[in-house]
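Two complexes come next, and they have one chain in common, chain A, joined by chain B in the first and chain C in the second.
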Partner chain A sequence: MSNETDYRPMWAELGLDLEKHDALLGVLGQAYGDLFLSQGNRPDGMGYFDFVMSEVHGLRIKELVDARTAGKIVVGTFCVFVPEELVLAANGVCVGLCAGADFGTEQAERFLPRNTCALIKSFFGFTLEKVCPYIAACDLVVGENTCDGKKKAYETFGDLVPNDFMVLDMPNTRSDEGRAVLKQAYLDFAARLERLSGATITAESLKAGIETANAKRRAMQRLARLRQADPAPISGLDALLANQVFFYDDPERFTSSVNTLCDELEQRIEQQKGVAPKGAPRIVISGCPMAVPNWKLPSIIESTGAVIVGEESCIGERGTQNLVADMGDTVEALIDRLVDRYLTIDCAVFTPNPTRPEHALQIAKDARADGVIHYCLQFCSPYQLEAPRLEREVEAGGVPVLRIDTDYSQEDVEQLRTRVEAFVEQIRG
Partner chain B sequence: MRVIGLDIGSRTVKRVTLEGGEMIEHQVVPGSHDPLAVCDDLLSGQPADRVVATGYGRHLFAEHRKAETLTEIRAVALGARHVRPAARTLLDIGGQDTKVVVLDASGAVTKFEMNDRCAAGTGRFLEVMATALSYPMAEFVQASRSANGARSINAMCTVFAESEVISATARGVDRAELARGLHEAVVRRAVALLRRVPIEDEIVFCGGGALNACLRDLIINTLDREVHLPPEPQIVAALGAALSVSAQLRPKTRKGDTK
Partner chain C sequence: MSNETDYRPMWAELGLDLEKHDALLGVLGQAYGDLFLSQGNRPDGMGYFDFVMSEVHGLRIKELVDARTAGKIVVGTFCVFVPEELVLAANGVCVGLCAGADFGTEQAERFLPRNTCALIKSFFGFTLEKVCPYIAACDLVVGENTCDGKKKAYETFGDLVPNDFMVLDMPNTRSDEGRAVLKQAYLDFAARLERLSGATITAESLKAGIETANAKRRAMQRLARLRQADPAPISGLDALLANQVFFYDDPERFTSSVNTLCDELEQRIEQQKGVAPKGAPRIVISGCPMAVPNWKLPSIIESTGAVIVGEESCIGERGTQNLVADMGDTVEALIDRLVDRYLTIDCAVFTPNPTRPEHALQIAKDARADGVIHYCLQFCSPYQLEAPRLEREVEAGGVPVLRIDTDYSQEDVEQLRTRVEAFVEQIRG
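Then we have the complex of A and B:
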């Protein structure tokens, strides 16, 4: 990736291993060019996201460094259960941490068993090899007791991050007791944010944070609706990228750019202009989140001529559906509203989790999808264990399902390609 | 019109030639590290109006030569239906993968399951084991069929199973019983794959594995159902590839069109 500014002094100051970091950027840039820039007929609005990606370790990091200099705190998160609203209310900047590529796996396997999910090994590897400026720029990194893998991995991870680390306790159920656990986690989080930032979270500042986060989600919901058109106005790869950038871009700028993109997509829909011909096979992906730069499966799917028209994923509609109701005059009342909203996220770490298959089917029906591909990381117990039931329920609803288990490596690409091509042949009829 | 179907597998490459929709000849040759060269050899002196490639080498072939492609899942469905028009459940044990394909009443694929990540349960597994037991393949199968019992192997992995077999023979365990146990292991995996789908008659067993009489017997006994074998099970996918040229696409109504 080429840019005029020399960010190396900044990276050096953040303690990065410059040589390894250069290697990472080289690979990332190559992949981005091969997968994204080679696509035909992209909406002009994707230019903003191309720019963001070209500056993913440059300009955005500089913004974070400048924010810290100006007295804000930078908080890194791994999961949609960590409320950005509270970080914003404490005069902070919230960034999602990637974990979407194999890097430093050997280092990671000094601490983690080989049969750990690729996402967890990835954030260990990035941290240990000192190639992630986001982690380096965080005042606080926040983990959460969601799955067993993360829960146990965080016990070690806390010692590896340069600055502060905290883990939010998460409930397993949506009962009253579960609700109380989540509320307490959010209260603890709020207290920690205040201590770190020196700011006080007030009802006003929290309402403002809620409105910013809601506006971001509304924009993504709008994008999701526009993808229901046939011909599809935007590729699944591009929409996934927007969903990925959602986590770490400046919220207002991001929201505005997505809305501009959506304006353009509305025009495309009127003109019946698509990235694939009308009637191209339409696929919805459901399952584990695909963190940046995990683009392997979507690129295989779209190379067959199919188009991905929705994601039942945390980096997707599962993460952006539902807004926080900003009713309440006290911080505690507003935190209750956060809990209301965040408990609706139907991640597989909850039991029971009946709405997830219903949502996957609904997304497929609303987008008039021809098939659902269930994507699961190897060794991810919660999603592996939910997959058979989801497959049954979605197929009972009339939509064929293909289950894919994979990791981040490139070794199984041809096997995946065969399965995906066979599924596309099947749904084409 | 003359159409050639090529099934480019890792162990073997198969060619089927159709003239006016009827198979006029076929050939199976060993694969090599250079699939393009093997295919060129297979095609030399074999004129055709269309060539269709399937199998793991299909994209490599199509990138360098003029050919259409389809996956081996669709190919085996078309081929099996041609040979057994009432086929509904297909089991294909190949050199390096095993698959189950479910067809609806009209012959369209509705579901498939594959093991293509691991050699255990494939033809490759049995070849490695035959070598470990110092049997030529035909004798390995024969010994397994006539063994008095079976000694089971515990290892799930081909590499570890090989070690286990070698240790067992060193302790004097009967080779034929080991051979039988190994065949049973392959069948267990195949049946486990089958049980992931709704099994409907007619069941068809194809692929190179269907040439193995011991596997055939064990599968029929384990399923306790009628299992049909095409006369030339190894070429079913290549046949299907050639047939795909004239296969009619079902008119497709989009789901929700009647909403």
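Then we have the complex of A and C:
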């Protein structure tokens, strides 16, 4: 991304490899220009997100550095199961870490088997190559025992991060005992945050954290509803971008920017103003999360003239669909409410996980989608193994499904384009 | 395998596909002859195991059918985390299910992604092709939430098994909360067994079950110690076979046969009588379990003149290393002892799992091994991800490591042979 300010002294201070980091930003800026800025008829409200992306390794990192100077802690995460509410309650800043691009794959494969999913290889690669300013700016990096890949990779990754590291334990089921596992993980996390920040998490500060996170989610739920209009008032790429920035930005500024965007989308809907003509083929994506700058599949889909109108994904409606109830007058009671909420995230790591296909179908119905594209990272066993059932249930609901397995490389772009075009042609039928 | 009795009416009664089953037995019998019966200088005690294998789909199945007729229940499992002790306490018979050969892979891939490990594909294939008399003879099949592959595959598999099915939940860590997950799983399992069998599990019957299972494990521990002698009194293939039959045979008869074999091995050791000359290269295998008839890698290793002197595997010393303490006068207290014991199984699904590399190195040291071969099923993320650390720690202990990833196909046999020969040459140094 391009910057006017010279952030190089800050990046050097953070220990980045400036040469590699320049190369990364060059590629990223080029891709952003090609895929996002070239879109026609974008809402004005996307200007904010363009700015955020142009400063994603610049101003936002400076904000994190400044926050630390002012005595706040910065906590980096890879997963929606790490509760931002607790970080906020401990006067901290919570940020997602770089995991969306092929970078340092060769280095990563010194530690990981080749058949590890691209997301895990990516966060190893970014860290080993010293090009992720987020991880460099963290006081604490938090993993979580979700899939086998991450659970076991964190055993090694802990030695590579330049700062404190902890892993939250996770259950396989939503039983009472599974619940207790997650609750203890959140209690441990709260204690660690208090130790690190010197702040005390109180019922009051936790309620405030819950309200901030809920407001963010409410704004995303509003965006999710509005994008379902026909003609779609916003492209799938732009809506995905908002879902991605969700993990990086200052939460209050983000919420307000999403709501401003939504005000505009409401006007557009009223004016029947869309990014694609009314009746353009409408797609819902379901599956693995797409971290910045993993825009490959959505850009292919929308290049066919189809528009993506919903996202059953952690970086999407799976991640934002439910709010935390702030009933409770003690920290522990509020942590129970966190556990309630986080256990409803229907990630494929849980078994059984019946609500995910239901949710995918519901989004498709609500958005009057013509088809669902199930997107899976290669070697992501939980999502790959859920795919046949999801396909069966969504198709039984009358919505055709295309299953795509891919990674972060660009090698299969033309092959994917052919498959997606054929699918769009079929559902346009 | 060849039989004198005609078991075909029984197999038909069990719903097997006789034609495919004949084909399977033909291949199995041929492989057994080529790999086992052709070995020189075998202990006489292996005669029992040859007999068991010749009747593995015959007499043993008849025993299971007869047991059911006599009012016992038969419980089929895929994993060492399912406690045989409870099955025995409920007057049941516990058997391992077919999962060691490529069979019905195409059928299995209708339900499973191609990059699923061979073991999971195998049990789907055997079930879908109706060639596993064990699963057909079961009252209850029990899965367990170990790896992502199995955890998610069981969601589908439950619909395919011709009998009752349940899944035991498992934790990712050995925390207090993780312990509670496993304990509840075992309590649920006990309740299910009681319901199914009509028997009541009492402290007395559970103690008896514990003693039977412990005796089996004690015999295997004795075998594990004796095979460490130089010259090795038993081949790695034969010792593996005993570890495999562990999961199929009547426990008391099995224990007694292993102890008879061990008596003979003690004499052999005294007489310095080995299956390979003293000083032959000595290998320890560490990694994924090898279910019948997965004999590919051991047969390649021993065809080079090396001898396998230890097995850090579920079907091996990881699975048999610790006993259950029978302290406790209530069923619940005894189940706590089961949980204690099963949580010490250092399967790679746990995080962290530091004792596994330690155990591999310890076996290598005790057996004065020249090298460790780490064996991994392709796409088995937990073991693949532990491999680099295990290699590092075992090599730091002075023992060279070769890492092999493979599946059940025979396509890579010559390539594996080349790699194993080079390794054996190097450690023979």
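The working rule: the second predicted complex is superposed on the first by the 429 of 429 C-alpha atoms of A that agree within 3 Å, B and C clash if a C-alpha of one lies under 4 Å from a C-alpha of the other, contacts with A are read in each partner's own complex, and residues count from 1 in each chain.
As a working rule, a residue touches a chain if its C-beta (ideal position, glycine included) is under 8 Å from a C-beta of that chain, and two chains touch if they have at least 3 such contacts.
The structure displayed is predicted, hence computed values, not measured ones.
Chemist: Who does A:165 touch here: chain B (first), chain C (second), both, or neither?
Modeler: neither
Chemist: When the two structures are overlaid on chain A, which partner does A:115 contact: first (chain B), second (chain C), both, or neither?
Modeler: Once the two structures are laid over each other on A, A:115 reaches chain C alone.
Chemist: Under the stated touch criterion, which partner chain does A:384 make contact with: chain B (first), chain C (second), both, or neither?
Modeler: A:384: touches chain C, not chain B.
Chemist: Once the two complexes are aligned on chain A, which partner has more residues of chain A within touching range, chain B or chain C?
Modeler: Counting contacted residues of chain A, the larger count belongs to C.
Chemist: With the two structures laid over each other on chain A, which partner does A:352 touch: chain B (first), chain C (second), both, or neither?
Modeler: Touch status of A:352: second partner only.
Chemist: Would you mind listing the overlap between the chain B footprint and the chain C footprint on chain A?
Modeler: Shared contact residues on chain A (touching chain B in one complex, chain C in the other): none at all.
Chemist: Residues of chain B touching chain A in their complex?
Modeler: On the chain B side, the touching residues are 56, 59, 70-74, 108-112, 114, 116-117, 249-252, 254-256.
Chemist: With touch defined as at the start, can you tell me which chain C residues reach chain A in the complex?
Modeler: 110-113, 115-116, 145, 147-149, 151-156, 167, 169-173, 175-178, 180-181, 184, 348-349, 351-353, 378-379, 381-382, 384-389, 405
Chemist: Which residues of chain A touch chain B once you look at their complex with the stated criterion?
Modeler: So the residues of chain A touching chain B come out as 279, 365, 368, 370, 398-400, 412, 414-415, 417-419, 421-422, 425-426, 428-429.
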